[in-house]
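Consider the two complexes below, in which chain A is the common component and chain B and chain C are the respective partners.
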Partner chain A sequence: MLSAKNITKTYNVKNKRGLFKNNENSQVKALKGVNLEVQSGEIVGLLGKNGAGKTTLIKIISMLMEPTDGSLTIDGIDGLRSYEKAKSLINVITGGERNLYWRLNAVENLEYFGSLYSIPRDILRKRIEYLMKIFELDKYNDLPVERYSKGMKQRLQIARGLINDPKYLLLDEPTLGLDVDIAADIRNYLKFLAESEKKGIVLTTHYLDEAEELCKNVSIISDGEILESGSIQSLKSKLSMTPKTNIKMTYESKDEFLKYLSSMNIQSNNLNFSQDKKTLSCKYDTDMLYKTNLIHEFIKAGARIVDIRSEDYSLEDVVLELLA
Partner chain B sequence: MLDMIIGTYKRKRKELKNATPLTYILGRVIRGLFTILVSHFMYENVFNQTVSDSFIENSGSLDYMTFVVIGSAVHVLGVSTMMSVGRGLISELRMGTLEPLLLSPKNKIAYFLGLMVEQVQRSTVEFIIVLLFGVLFGAKLSFLLSIKSILALSLIIISFFSMSVLVAAMMIYTRDTYVTQNTLFIFMYFICGISFPISYLPLSLQAISSVFPMTHSINLVRYLASGTLLYSNWVTSISFIVILSTLYFMLGYGWYRRYEKKILENNLS
Partner chain C sequence: MKFLVVMYNEAKKQHKNNYISYEQYFSLLIWPFILLCNSYYSYRPFITEGFMSYFTTRELIFFLVTGHVCYICFWSMVETAWDLEYERYSGTLEVLFLSSANKLAVIYGRALSAVIQICWLYMVICIGYFLLIGEVNFSIILQSLLVFLVLCVSSVIWGGLLNTIFLFSRDATFLVNILDEPMVLFSGVRVPIEIMPIWVKLISSIYPLTHVLSFVRTLFNSQSNSLDIRQLAILSILLIMTVIATAKLVGLAERKNRLSGEFNFY
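Entry: the complex of A and B
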């Protein structure tokens, strides 16, 4: 298990005031006691606005940066003290086109990145062959990376992140700026890595649909603090917004229908009647709908229920409400 | 460690092969050649092939062209090694490839060594070109074809490597290449006795020049060339080279290690 506990990070920022004036130093708290846990085979989403602290947290978990306070253990190894041991268990994949040598081809890139880890030569060769195949890059090995498309570069980035066969992968916006179909491919690779190869994955993304599709658990971070953590379902259940139900009905006579509702003191101002098809639709708080037995009253008023559908809140609703 | 040295060497070699390496060496070779040409024209036409007694005394009785060619060639060797290894980390930062390197659990000395091994190949070519050109203008360099000279040059390359680790730490810390390469290397060109004996400099500058391994490296090669290699001179030069190299390496690598986990902070803070 990868476990980061009570991670705090404070940056010292120099505000330059001019050549002959003293610099002003100020401190920025980028992370304020953040906790994060990832199990093997699990994808954990880290969601938040730009500047919320996602990338700083990824850099600390990947031991590229030291926290001001807190602890980090990766499969029982102290990531802050024995980080050279712990580093072989993780790798980081970022979105965009950096982190690759553009003048080299894919195999040359992977050979170099493999040499940064203690991997026996024959194992490294087999691993490169495997990665080139599963990421469908083997057909393009004559091309230098500078001639790759965005999607190919991103696939190579993921292959690079897997070169040391890490147990935990940290992905920072891996589908940023990619076409829809390529982003879908990347998501499929990630599912495969978690499900089949049992990699523990931390995913930061701005695309909430992506998090909803991939992550079992998510943490929502804002201003250096985790606002909420848990499964997407549990976060949705904490929404203060009242669940709504949409109803679609047909009716015989609008006047008789409204007359009955009026006699029962039922408000009709949120009923949307369509002119020609004799159908109407409306939206009610789900709780209220069932407590007042409103559907039964509609039927009594002469309506036939065509469709009842409760509105499912998306992760976006959760994030928007928490960040509001 | 060996994997990383070989890996870095191969990667750099392939990158340069795909990016017309001639442009990388041409500038430094031309600079070395121009130093020789300017010195030749001044020696032939301004000084009429005469040098002062003080020059003869301070140069170990070397003729002027041999003196300048040795200075120029060692300067080319030093600057190219320091430039390549020194710029290594900051180039990775600018290309966006520093992160995967920092993620590696391996000791980064292997990375610097890989860059050095690759650079030594190119530096040697540059060094030889400058020497051959020097021979055309009358420099007497046959002394270089000896085991003693090869050992001395190997030590000199190691000293340049050590200084380049400090240069690398300095460049990544200041996020600047221009001040270091344009100011430091030009300052070294003036102060390390490339085209005139350092005894012509004011005492304060002479003291500063003695902290650069390049000064002692050039002296060592000139002692070898003069054939009047006194034991005391030889020991002094080698001692300075070894002590300064150790100091620069420890200082540079220590600085890098302390700063390693802060390198990426500047991008985020």
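Entry: the complex of A and C
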């Protein structure tokens, strides 16, 4: 298990005032007592706005950065004291086209990054063969990376992140800027890695649909603090978010319709009228809608119901609610 | 053994990433040749007008050729250090520090990648030298190999130090300017140290290139033609001290970057 407990990070920032003036020193608290746990075979989502502290947390867990306070253990190894030993258990994959040598081909890149982990030559060769095959890069080995498409580069990034066969993978926006079909492929690879290869994965993403599809548990981070953690369902119930129902109707006369609603003391401020097509749409709490028999009243007011659709809360609603 | 494997793979990667065409190898010869011409023709008016008493023309050419060849070998190390800036921008420096590889091995691997440049330049110069003197014997070949070895080891160790400086910050260029540019003056590339004031002599003693040049010039000088053991001993002590300083600085650079998280700061 990967466990980060009470992680705090404070940066000392020098504010330059001028060539012959003393710099002003200030402190920025990027993380304030953050906890995160990841089990083998589990994908944990780390969600939050830009500047919330996601990347700082990823850097600390990957041992690229030292926290000011807190503890980090990776399969029983102290990640702060014995970080050189723990590094072989972890790797990081970022989105975008960085972290690769563009003039080298895929095999040359993987050979080099593999050599940094002192993997025996024959094992490394087999591993590269396997990765090139599962990420469908074996057909393009004659090409330097600079001639790869964005999706191919991202697949190679993931292969690079797996070169040391890490038990835990930290993914920072892995589908950033990719086409829909390529992003779907990458998500399938991630599911495969968690389910079949039992990798523990931490995923930061701005695409909440992606987190909803992949992650069993999510942590929502804001201003260096974890606001909520748990399964998406548990977060929804914790926030007592009730399902909503969307209704679409047509009407003959807007004035008569509103007059009737007014006589029945029904508020009309959430009705969205479309003048040209004589349609209107509205959204109500599902429970309230059926308790007050509101649909029946709409029909009495002269409306014709075209569509009723119940809508569950998405992860996006949960995040927005929490961040608000 | 792991140290050597990491060092070799780093050198191999650097070479593949930086030397992508045969034209580059030939361009390596043009620039040193221009530098040499620049120095020679700066001196030439003084020779013909009889102002120069220190050198004969032949001695001056020997002095400048040895000075420039050795300087270029050391200068090629600066290029490998500057290249670390690219690694920082492209995020590969972060991937390197993400791994458990020995960072000192990586640093020396980078410097080692420039040895191919040194080999090529040195080989062409040696062939030219053999043609000029009109004979090739065992003694000359042995001398050339010894100089090549001293030159490679010294410049790689110097390159390791320069690469380490660039680990500290993306803005390390000014430090290289302090360490590298004055090397031309202080190491006696174009002007003999012997005629310099004492303060220049003191500064020059910290540059490994000063001692390499002194060793090479004594060895190849037709009058002395001897192995300067004293100079070799001073050079060895200086290089050992440089290796120790580099190892300490690599540790400090990693510590600094781990605190600030600035491996990919740009």
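By our rule, the second predicted complex is superposed on the first by the 256 of 324 C-alpha atoms of A that agree within 3 Å, B and C clash if a C-alpha of one lies under 4 Å from a C-alpha of the other, contacts with A are read in each partner's own complex, and residues count from 1 in each chain.
In this section, contacts are C-beta pairs under 8 Å (C-beta built on N, C-alpha and C of every residue); 3 or more make two chains touch, one makes a residue touch a chain.
Quick caveat, the model's predicted, so the values are computed rather than measured.
J.: Judging by the criteria at the top, classify the pair chain B and chain C on chain A as clash or fit.
T.: Aligned on chain A, chain C clashes with chain B.
J.: Between chain B (first) and chain C (second), which, if any, makes contact with A:S88: first, second, both or neither?
T.: The answer is both, since A:S88 touches chain B and chain C.
J.: With both structures superposed, pick whichever of chain B and chain C touches the larger number of chain A residues.
T.: The partner with more contacted residues on chain A is B.
J.: Please indicate which partner A:A106 is in contact with in the superposed arrangement: first for chain B, second for chain C, both, or neither.
T.: Neither partner.
J.: Just checking: does A:V28 make contact with chain B only, chain C only, both, or neither of them? Give me first, second, both or neither.
T.: first
J.: Answer with first, second, both or neither: which of chain B and chain C does A:V13 touch in the superposed model?
T.: Only chain B is touched by A:V13; chain C is not.
J.: With the two complexes superposed on chain A, say which partner A:L294 touches: chain B (first), chain C (second), both, or neither.
T.: Neither partner.
J.: In the superposed view, which residues of chain A touch chain B and also chain C?
T.: The overlap between the chain B and chain C interfaces on chain A comprises residues 11, 56, 59, 62-66, 84-85, 87-88, 90-92, 94, 98-104, 108, 111-113, 115-118, 160.
J.: Residue numbers of chain C touching chain A in their complex, please.
T.: Going through chain C, the ones touching chain A are 2, 5-6, 9-10, 12-13, 16-17, 20, 90-92, 94-101, 106, 258-261, 263-264.
J.: Spell out the part of chain A that touches chain C in their complex, as residue ranges.
T.: Against chain C, the touching part of chain A is residues 11, 56, 59, 62-66, 84-85, 87-88, 90-92, 94, 98-104, 108, 111-113, 115-118, 160, 164.
J.: Quick check: in the complex, which residue numbers of chain B touch chain A?
T.: By the definition above, chain B touches chain A via 3-4, 6-8, 10-11, 14-15, 18-19, 95-97, 99-106, 261-262, 264-265, 268-269.
J.: Give every residue of chain A touching chain B within the complex, in rising order.
T.: Touch list, chain A to chain B: 11-13, 28, 30, 55-56, 59, 62-66, 83-88, 90-92, 94, 96-104, 108, 111-119, 121, 144, 160.
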